[in-house]
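Think of it as A, B, C and D in the order they're written, each chain with its own count starting at 1.
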Amino acid sequence: MSSILTLSCRNRPGIVGAVGHFLHAHGQDIREAQQFDDRASGRFFMRVVFAPVGDAPSSGLEAEFAAVGREFGMDWEITPSGHRMRTMILVSRFDHCLVDLVYRQRIGELPMDIVGVIANHPRESYAHLDLDGIPFHHLPIAPDTKMEQEAEVWRLMRESGAELAILARYMQVLSDGLVAKLAGRCINIHHSFLPGFKGAKPYHQAYARGVKLIGATAHYVTTALDEGPIIEQDVERISHGDTPEALVRKGRDIERRVLARAVLGHLERRVFISGSKTVVFAG
Amino acid sequence: MSSILTLSCRNRPGIVGAVGHFLHAHGQDIREAQQFDDRASGRFFMRVVFAPVGDAPSSGLEAEFAAVGREFGMDWEITPSGHRMRTMILVSRFDHCLVDLVYRQRIGELPMDIVGVIANHPRESYAHLDLDGIPFHHLPIAPDTKMEQEAEVWRLMRESGAELAILARYMQVLSDGLVAKLAGRCINIHHSFLPGFKGAKPYHQAYARGVKLIGATAHYVTTALDEGPIIEQDVERISHGDTPEALVRKGRDIERRVLARAVLGHLERRVFISGSKTVVFAG
Amino acid sequence: MSSILTLSCRNRPGIVGAVGHFLHAHGQDIREAQQFDDRASGRFFMRVVFAPVGDAPSSGLEAEFAAVGREFGMDWEITPSGHRMRTMILVSRFDHCLVDLVYRQRIGELPMDIVGVIANHPRESYAHLDLDGIPFHHLPIAPDTKMEQEAEVWRLMRESGAELAILARYMQVLSDGLVAKLAGRCINIHHSFLPGFKGAKPYHQAYARGVKLIGATAHYVTTALDEGPIIEQDVERISHGDTPEALVRKGRDIERRVLARAVLGHLERRVFISGSKTVVFAG
Amino acid sequence: MSSILTLSCRNRPGIVGAVGHFLHAHGQDIREAQQFDDRASGRFFMRVVFAPVGDAPSSGLEAEFAAVGREFGMDWEITPSGHRMRTMILVSRFDHCLVDLVYRQRIGELPMDIVGVIANHPRESYAHLDLDGIPFHHLPIAPDTKMEQEAEVWRLMRESGAELAILARYMQVLSDGLVAKLAGRCINIHHSFLPGFKGAKPYHQAYARGVKLIGATAHYVTTALDEGPIIEQDVERISHGDTPEALVRKGRDIERRVLARAVLGHLERRVFISGSKTVVFAG
């Protein structure tokens, strides 16, 4: 049974050696290791997958590693590789990302437990989606009920033990308060190649501007709309002949795969936030 | 010897039939035809490649076609396929696009005659480039000489009979007056995926924002900086590990191919301006 | 209500003019037209979308067009734009393409009626898929029952009036007899970038060879295995770190979108078979 | 001044720790490290960029590291980061890759010294290429002079101290003897997406097959034609309308960038051969 160590700290000599030495001394073999020394910010990021050699114990390592973490001032975490992150999905009218995430989770592509789906549309809107027991919460929203609705979202997050929130084409802007509570663990899919076409109706903006490629962007949600750290982006070629409706159709494919890749990276703990950007170790 | 007919007009029934009938009646065979009915603007665009059947004459067709053009209110042009457009290239310090265009022209990829190179740096800056007789004009520019320099650019354009100007990483913003004179026949390469990162140092902007793809955009120059009708765009994947310098390096490849594709499209008369956008018939 | 005229014939002067003239004379306006003159084979291909001007009738055009068709020796067809093609989907164990096609059909992306699903695995294998009334046929297959099973496939095709068969990761090789019956209307998705890695376990072949991109190919089925006319292909970048299992996962995304694009092209009558190749007019 | 340590060995616990400990103990700071544990072959690959902390010496490390190398049975090498690899370029009639490599080297993209160009066509064939003092060797080849020509190639490699040979569209098949001498340090660009379209005239093969994407492949040369370990590949979309000549034109762009990326990876010591495949650490 392997484990994943993730850490970040101010860069200084000796980190890799210390981590390597620690794991070896505790009977662990390094299976995979990636690191990044961000020379702009001075931060160092590392992800190590390790497994016990022979019958070395892998429990109790956290307590032992704490000393190393303190010495280097690390933010660190050790997680069993098999950990399934508890995840809440929020959705509005368009369900292509929701349907896709549920399918990928079901066939084992995304190592997560979906602890609930929160929608501001009723269950009937997704009549053909078999949720297979995943709790569905209809939380409609109106200008004057936004605060209550968000309180309910937050309650559901807490009570379900959700570690991650995915805005799967959830078309509501979260309040600064809720964003703060979900900092670093709320992923949104925006249907444009950011920083182009922020805000509403990006495919119509793209059509109006006459771009030759459209894209989608998965990012962590921050209080600045569509400005959070970008995790993943992709594009596809379009032409003058594509109507806004065609862009919406082509865009769905991009949105689905960009969001799924970003979520997989997060679940595998390959994504680190570094200021307004991310470090994403290739999977 | 084939010819190319390009036309645009307000859309109404019968255009294709009238063009097809005209060409057939004048002994011409249609080799290639593309059309686009822009339902947003109500404009119709068409490009037809045709060649005489047997020994039918192809000269004098313009005079005959004028009646058709008048009937439908067309902007139209008939050009021999083999026409080599007279082209002026403008460049600043970075010469990768210039070198690339000259090479492509030389091996026959770009059907144009380069009638001159205008640079705001001296000839020695491009010492290793064999211009093979293409006139080189060093037109340095300073804040108080911009007007004179542009007058000289315009004089060189006129005297050389240049039909097209290519800003091959020419880092000077043209005045509104010169832009007006070059309307629809001045192509710029911008080193970002527009509309993201307009203006100066786009690779540094891209680095600061943390995007996961960088791109380049070829567009017609208009008075609104980096807002002209887009002809071609492309992107490449980058990662957190790419420094601004690496982006500049990777970007050079994108810039070169995007500009060359846009220029080829223009030379082959596949590109039409439709308001703030373009119609580009695939080659 | 618009219609689509598709035709192919030996190329000769006057086709475009004749078609344009015919439609105009019968009160029809051309909305979209694409053509291709295959100089290698001498065949000409054309697709025209047209709609009546004012209250001109669009019924009865077939009878009138027959004369034009005869004159040029055309294979031709006129279909109402809104026609929903009757489609049978065949599937084996992996259901990602089936699930994707059903979803796209449901949200209106694919203008077809799914008249049935034929699987060599039982309905329980796709327990979470809501077929919403689409008939499901479990037709298991064993070496000595292949002939009977195919007879049953063919009976279901005929009785349901299916115009198109989609092999959505159907892992059985069809007999030459069945292939002949489905000529030009049976689309398969192969999970490699053909012509590389024909036959079984292409992702494992790709892993063994160490390629840096993997792909998928949608093609019409012919008696030569994985050699039919290619409709659409796409690829994605992989690395040395990708296990065969990772390739299978990444490949699913490619397969889904390549198959969906090919099917959409076929449904919109943008795909023509030209010998061992296809002509695909852009959508 | 930083250095690059590259190593491979049979995988076993403790390698990362030992390397990290060694470097730290010798006053070196790890700037960049990548590793790959190839579970299929049991081999371990690592690349570490390190630099001295303060005024620690970085000379003499090889002698010290030898003990670590022996302990783990490593193939290893330590190279100064600034090392410019001595490179010989071989070319035939088409010079787009040669011209591109010379340009990239000149502007500092490729950290190599070009010690010579060997061509089986005379210098005049590349009249417009400014070699700026790079020795040019015209070594024509005929069926009965192949052995002598190759002896001359090998003599030039040795006398120039060339560490790398680039076959930049060199259209001669090397003999097994010469291939053996250049094992692991001879990079070829093949103008197809291997394993599709091996051998001669791949663009014509691609046209005949009707593929929808064409590509290029850079690989190490081995005695099996077009079967050596693949370093880099890329593709571009084409259509039914592309003639073989258009494929050749579009292919040139792919060939140039694929070859340049492969060469850069090799120069930066990011590419390891692992049996019939490569491990390429991202740059």
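A few points about this structure:
One rule holds for everything that comes next: a contact is a pair of C-beta atoms (placed from the backbone, for glycine too) under 8 Å apart; a residue touches a chain by one contact, two chains touch by 3 or more.
Bear in mind the structure is a predicted one, so any value in this text is a computation, not a measurement.
In a homomeric contact, the two copies may use the same or different surfaces; for chain A and chain C, over half of the interface residue numbers are shared, pointing to the same surface. With centres defined by CA atoms alone, the chain at the far end from chain B is A. Put simply, the C-alpha centre of chain A and that of chain C have 36 angstrom between them. Between the Cα centres of chain C and chain D there is a gap of 41 Å.
Taken residue by residue, chain D touches two or more other chains at 239, 241, 282, whereas all remaining positions touch fewer. Viewed as a network of touching protein chains, the structure reduces to a complete graph with every chain in contact with every other. Interface residues of chain C, counted against chain B in their complex, comprise 12-21, 23-25, 28-35, 37, 53, 237, 282. Note for the complex: chain B touches chain A at residues 36, 38-39, 193-197, 208-213, 215, 229-235, 239-241, 243, 274, 276-280, 282.
Considering their complex, residues 96, 99, 103, 106-107, 109, 128-130, 132, 239, 241, 246, 249, 252-253, 257, 260, 282-283 of chain C touch chain A.
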